[in-house]
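Note that chain A is present in both complexes that follow, paired respectively with chain B and with chain C.
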Partner chain A sequence: MSLKPTIGIETHIELNTNTKMFCRCAVVDTDEPNISLCPTCIGLPGALPVPNKKAIEFITLLALSTGCEITSKGMFHRKNYFYPDLPKNYQISQFDLPVGLNGELEIVIDENKDYIQIERVHMEEDTGKSSHSGSGRIESATSTALDFNRSGVPLVEIVTKPVISSSKQAVAYIEELRQLSIDLNISEGRLEKGNLRFDANISVAPEDSTELGTKVEIKNMNSLRSLERAIDYEIQRQTKALEDGVEIVQETRHWDENKEVTSTMRSKEGSADYRYFSDPDLPNMFLSDQFIKEVETLMPLLPKAQREELMTTGLSLSQSNILSKSDDWIKKMYVKVFDQTKDSVASYNWITGELQGQMRKANIEVLPEWFNDDYLSEIIELIKSNKISFTSAKIILTEILTTETTPSKVAEQKNLFQENDSEKISEMINQIIKENQDIVDRIKSGEDKLVGFLVGQLMKQSNGSVNPGMAKELLFKELKG
Partner chain B sequence: MDASNLSIREINSLFTKKELKPSELYSKVFENAANSEAALHAHLTLFEEENIKKAAESDKRFSNGESTSLLDGIPIAIKDNINIKNYKTTCSSKMLSNYTSPYDATVIEKLKEQNTLFTGKTNLDEFAMGSSTENSAFGLTKNPWNTDYVPGGSSGGSAASVGARSSIAALGSDTGGSIRQPASFCGLVGFKPTYGTVSRFGLVAFASSLDQIGPITKTVDDSRIIFSSISGEDSRDATSVINNQLDIPSDNTATIGVIKELMEDGISDEAKNEVNKVVEILKSKGYKVKEISIPIIKLSISIYYLIAPAECSANLARFDGVRYGLRVDGNTSYEMMENTRAEGFGAEVKRRILLGTYALSAGYYDEYYGKALQARKEMIDEFAKTFKDIDYLISPTTPTQAFKSGEKTSNPLEMYMSDLCTIPANLAGLPAISIPTGLSKDELPLGVQVMSKPLSDNSLLDFSEIIENEVQFDGQPKGWL
Partner chain C sequence: MSNEFNIKNIAKLASINLSEEEQDSLSNDLSIILEHVNALSDLKLNSQQQEIFIHPLEKELELQEDEVVESLTHDEAISNAPESKDGKFVVPPSME
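Take a look at the complex of A and B:
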């Protein structure tokens, strides 16, 4: 029996609005608890919610950017459940009238495009944070500390249809969604800060089955790595269970980061009935055509379009994808350097390879202010016109990353300009031949590859300033006629 | 002359002419409270000390001719589900017996700007759920006309306070008749404004889509003055509306409708007689009066007892012992919340929470809550249709005169029926007023209710004043002394 996994992902993105979703408390990034609170976000008697227009704008932007149909007559619902960090003991969310429905997101895996269908994009408010002492779980905690700074921070939830078939696809989807939220400027997109949080619904069924298997929800995956491992683990666990004839139970499972296993949190039988109903404190929300048009004008160039644009410069899909998911300055630098050099591969390699590699190695997070985009173009041009060698170019880059100077100055100071004058090179070759008569003899008797050794000697003596291609050519001419 | 019997305009005129000082008036109402509290228990707290200070400030303003407000120095009682900063808001519940509000309700802010005195907080049915002020955790309130009888509810304390002249006017809240019914039982004017004209910010919510703050006063003009002071769009209440008043005729060019369904079985002859009396007066003045049938009104109680409990089941979820109010310990967080709610809420509140939770539960929502919403919408449409030809709708305010304390406590359904005539205005968001018109054979007050289309509050008050002037009701209770 051949089995296939089916995965759906629910992602919560914390929006980077200045204030909370239903009150005007500042959204703060601090470990100091309970400093940004008001009657509304801690649920005092008599306090009322008032929607944050910016948050609705952000959610609409995300819905539009994923090609969703916009529900112009949206509605806020109350999702009822008791939990100490949920101040009203209901969460204001959306139910049957979410902001966006039926969208799609293009993802890239290597050189292939894929499309993940989005079921819905909706708004909700975040809860506070609980710290359970003792076991870490509420059921057995001896005490629980509560921080309501996060309570009421706007979240957007994006739910995919059950269309994902591998952990690789899941990771590519989250990477794409993360970049989208950054490019839309609606979130910092920092996974380590919990800006994006995701749960996966996983089932396994026979390859030829038209029905999905029993769904298991996996929670507590805090990184892309844990998403990938948790999905792989769960597919394996369910596959083995089915092969062994063990029934899969519909349940929520917890990913244990250290043990790298999933374990039962709660079974679905005991799950809550959320008793959704429209929030009477929040009259129906009308997203007018005018509002939607205004939001559309805020739409930046989306990652998908960025990739298409990058591919027209000659980059491959995967290269374009990597660039589209890079920091903004990298994207901009590529565009500028390509514009000047018209060499997509060299521009791409120098920026994503050498430059970022050297920065990482030297622990440089931000480019020094003197570092000019033109410098990379200059370096590329110097290589192409044979004025410097690739080795020299790397040395130049190292220098301009740490010292305020220019590539040509470095080349001059360090004597890195290549010798391209064949007469001068020939003079040097004659010297090398004299010094290495035994090698010369062996080359003449057929050991051609030793020419490389002589070129090496030549480079050494000239401090790398000789054009190695020309040197090789001239050596062959000299020795083999 | 007893100043506490005068209307706000009369008092203000005496203040301005320096024939009466605010401090003298305050002494008088405080004396009335001191004399009547033991028999009536209208108030949960009286703010004597601060009022002596505030009254002295009012004295100064009037003596310097600096006062600009009709409400300056007017002692107003506040129902104890409306937050006054730094004072307790108990909602007559054990749950909040020690809860102090850190903020002012919008209506309180507005009255403070007018230099109003707050005599104290008045008793109510717990969380405004009830029709007799017998569901208070702090003891019941009696009717100032006859202490064997209930003052009505849930704003029974506010009505008893004004009835006993322990305050010049009072604020109540009206979810299904909680202003109009006690006003009627106590021989006072009770006005529930159009839904949304008075901010609910700071009113502890019972059923958000129905709750509305309004005045209980001796005269229609007093209600007018208070309404104009507390109304207005509030950016902190998303359900508040711009108070753009419609001008409909109040003179005899207006057409009056008598609601057939509220003049049938279940309505006492005494109550019908009051309506007929008013109708005769209006006819004699040249008003056109028609009998109008709005059959869906018969479903009012059924609709109301699904919608109000459903909303309250979520609104009261926040009282969990976690952040404020009563906390009864348990071994886990959940046990603590359960114990707190078990001990903190009274029987009627629990009944409604259970009813509402049930009506919203999976599998029952469509059958109960969903249908109630649909019927409510139909009722709104029916009223809108009616108001195309009719300017004002007249009915009894209550099916009977006040009932005796304890008479209906064991029969919730009978208690619920006492709101039959008042509930439709809440369901449809209409302005509605109860005007005292006469006494029953037991010497207890009776009133008629007038309703009009949304946002015609001012016209409704003008029209009511005409009735008030014609019936010449002697509104002074003799019972409590």
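Take a look at the complex of A and C:
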């Protein structure tokens, strides 16, 4: 029996507003507990919620950028459940009238584009954080401690349709959504801080079946790596169960990062169990055409459009995708260096390869103040005009990353300008030939490969200042006539 | 026990304890309420009429600017907590 997996993903994005969703407490990033609270976000009786205008702008922006239809007549609902991190015993969320419906997100895997359909984009509030004390296993905790700083922080939930078919697609989707939220400037997009959190609904069914299999929800995936591994594990587990004739139970499973397995957390609630009803404290929300138009003016160049623009410079889809998901300064640097050199591949390779590689190696997080984008263009031009070798260019880059200087100055000081004068090179070659007569004899008797050794000697003696291509050519001429 | 719902599960979701007698009497009450509400599904509505948008407040939602307003201090916020430790509210263990 051939089986196919189907995956849907629910992502929560924490918005980077100054204040919480339904009160004016500051959104704080601190370990100091319970310092940004008010009667509304800790659910004291009589406190009333008023939505944050900025958060509504942000979710509208996200919904528009994913091509969603905007629900102009929206509504907030109460999602009821009892858990101590939820002080009101309900979460304010949206049920049948979310802000956005039926969108789509373009993703890129290698040199291929794909489209992930989005079912809905809705607004809700975050919960507090609970920690469990006591010795040993979490189930035997003796008490639960609560910090409500996060309680009420605006969250956008984006739900895909069950259209994802592999862990690779799932990862590409989250990467795209993360970059989108950064470019829209609605979230920091930092996975390690929980700015973006995701759950996956996974089912497996026979290849020719028109119906989906029983779905299992996987929680607690904190990184793209765990998302990929958890999905792969769960597809394998369900496939094996079906092949062995074991029934899949609809449930929520927990991804164990250390053991790399999923295990049962609880049986899955149906939406009826949450007893959704419209929140009587929050009147209906009308998003006027005027409001939507104003939000549209905030729309930046989206990752998809950035890729298209980058491809017009000559980059491949995957190169454009990598750049579109890079930090802003890298994107800007590419555009500037390409403008100056008109060489897309060299600009791309020097920025994403050599520059970032050297920065990582030297633990440099931010470019030094004196570092000018023009320097990279200068280096590329120096290589192209044969004035410096590739090896020298790397040395120059290392130097300008740590010392306030310019590429030409370094080349001069370190004597890195290549010798292109054939007479001078010939003089040096004669010297090398004298010193390596045995090698020369072997070359003459047919061991052509050894020319490389002589070129190496030449480079060594000239501190890398000889143009190696030219040197090789002249050596051959000299030895073979 | 009603055929249409599980009163024990509803009590569990609402986090309340019901005696056998209470379960019976509430089951009866809930059955009557459900029957009453189910009558709505017999209504023949066109798509426009189906777009029900009822809210107890006949008022448009107002939004607030994203500006911080100081509220409770840390000490005020946890002053009523029956138990606290290291600045956190402490409650009986809760594990799913």
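Basically, the second predicted complex is superposed on the first by the 469 of 481 C-alpha atoms of A that agree within 3 Å, B and C clash if a C-alpha of one lies under 4 Å from a C-alpha of the other, contacts with A are read in each partner's own complex, and residues count from 1 in each chain.
Here is the rule we go by: a residue touches a chain if its C-beta (ideal position, glycine included) is under 8 Å from a C-beta of that chain, and two chains touch if they have at least 3 such contacts.
It should be emphasised that the depicted structure is a prediction, and the values quoted were computed from it without experimental measurement.
K.L.:
Report for A:Arg266: first if it touches chain B alone, second if chain C alone, otherwise both or neither.
P.N.:
second
K.L.:
Let me test your reading of the model: by the given contact rule, A:Ala145 touches which partner, first (chain B), second (chain C), both or neither?
P.N.:
The answer is second: A:Ala145 touches chain C but not chain B.
K.L.:
If we overlay the two complexes on their shared chain A, which of chain B and chain C does A:Pro280 touch? Say first, second, both or neither.
P.N.:
The answer is both, since A:Pro280 touches chain B and chain C.
K.L.:
On the A-aligned overlay, A:Asn18 touches which partner chain: chain B = first, chain C = second, or both, or neither?
P.N.:
Only chain C is touched by A:Asn18; chain B is not.
K.L.:
Check whether A:Pro51 is in contact with chain B, with chain C, with both or with neither, and answer first, second, both or neither.
P.N.:
both
K.L.:
Please tell me which partner, chain B or chain C, touches more residues of chain A.
P.N.:
C
K.L.:
Looking at A:Tyr90 after the superposition, I want to know if it touches chain B, chain C, both of them or none. Which is it: first, second, both, neither?
P.N.:
first
K.L.:
Which partner chains sit in contact with A:Ser131 here, chain B, chain C, both or neither? Use first/second/both/neither.
P.N.:
Once the two structures are laid over each other on A, A:Ser131 reaches chain C alone.
K.L.:
Check whether A:Pro39 is in contact with chain B, with chain C, with both or with neither, and answer first, second, both or neither.
P.N.:
In the superposition, A:Pro39 contacts both chain B and chain C.
K.L.:
State which residues of chain A lie in both footprints, the one left by chain B and the one left by chain C.
P.N.:
Shared contact residues on chain A: 39, 42, 50-51, 80, 82, 84, 138-139, 141, 144, 146, 273, 275, 280, 282-283.
K.L.:
List the residues on chain B that touch chain A in their complex, please.
P.N.:
81-83, 89, 91, 96, 99, 101-103, 105, 200-205, 207-209, 235-239, 310-311, 313-314, 317-320, 322-324, 332-334, 337, 357, 360-362, 365, 369
K.L.:
Okay, in this complex, where on chain A does chain B touch?
P.N.:
Where chain A meets chain B, its residues are 39, 42-51, 78, 80, 82, 84, 87-90, 138-141, 144, 146, 273, 275-277, 280-283.
K.L.:
Can you tell me which positions in chain A touch chain C when the two form their complex?
P.N.:
17-19, 23-26, 32-35, 37-39, 42, 50-56, 73, 75, 80-84, 130-132, 134, 138-139, 141-148, 265-266, 273, 275, 278, 280, 282-286
K.L.:
Going by the contact rule at the top, pick out the chain C residues touching chain A in the complex.
P.N.:
Against chain A, chain C makes touches at 13, 15, 53-69, 71-72, 74, 77-78, 83, 85-96.
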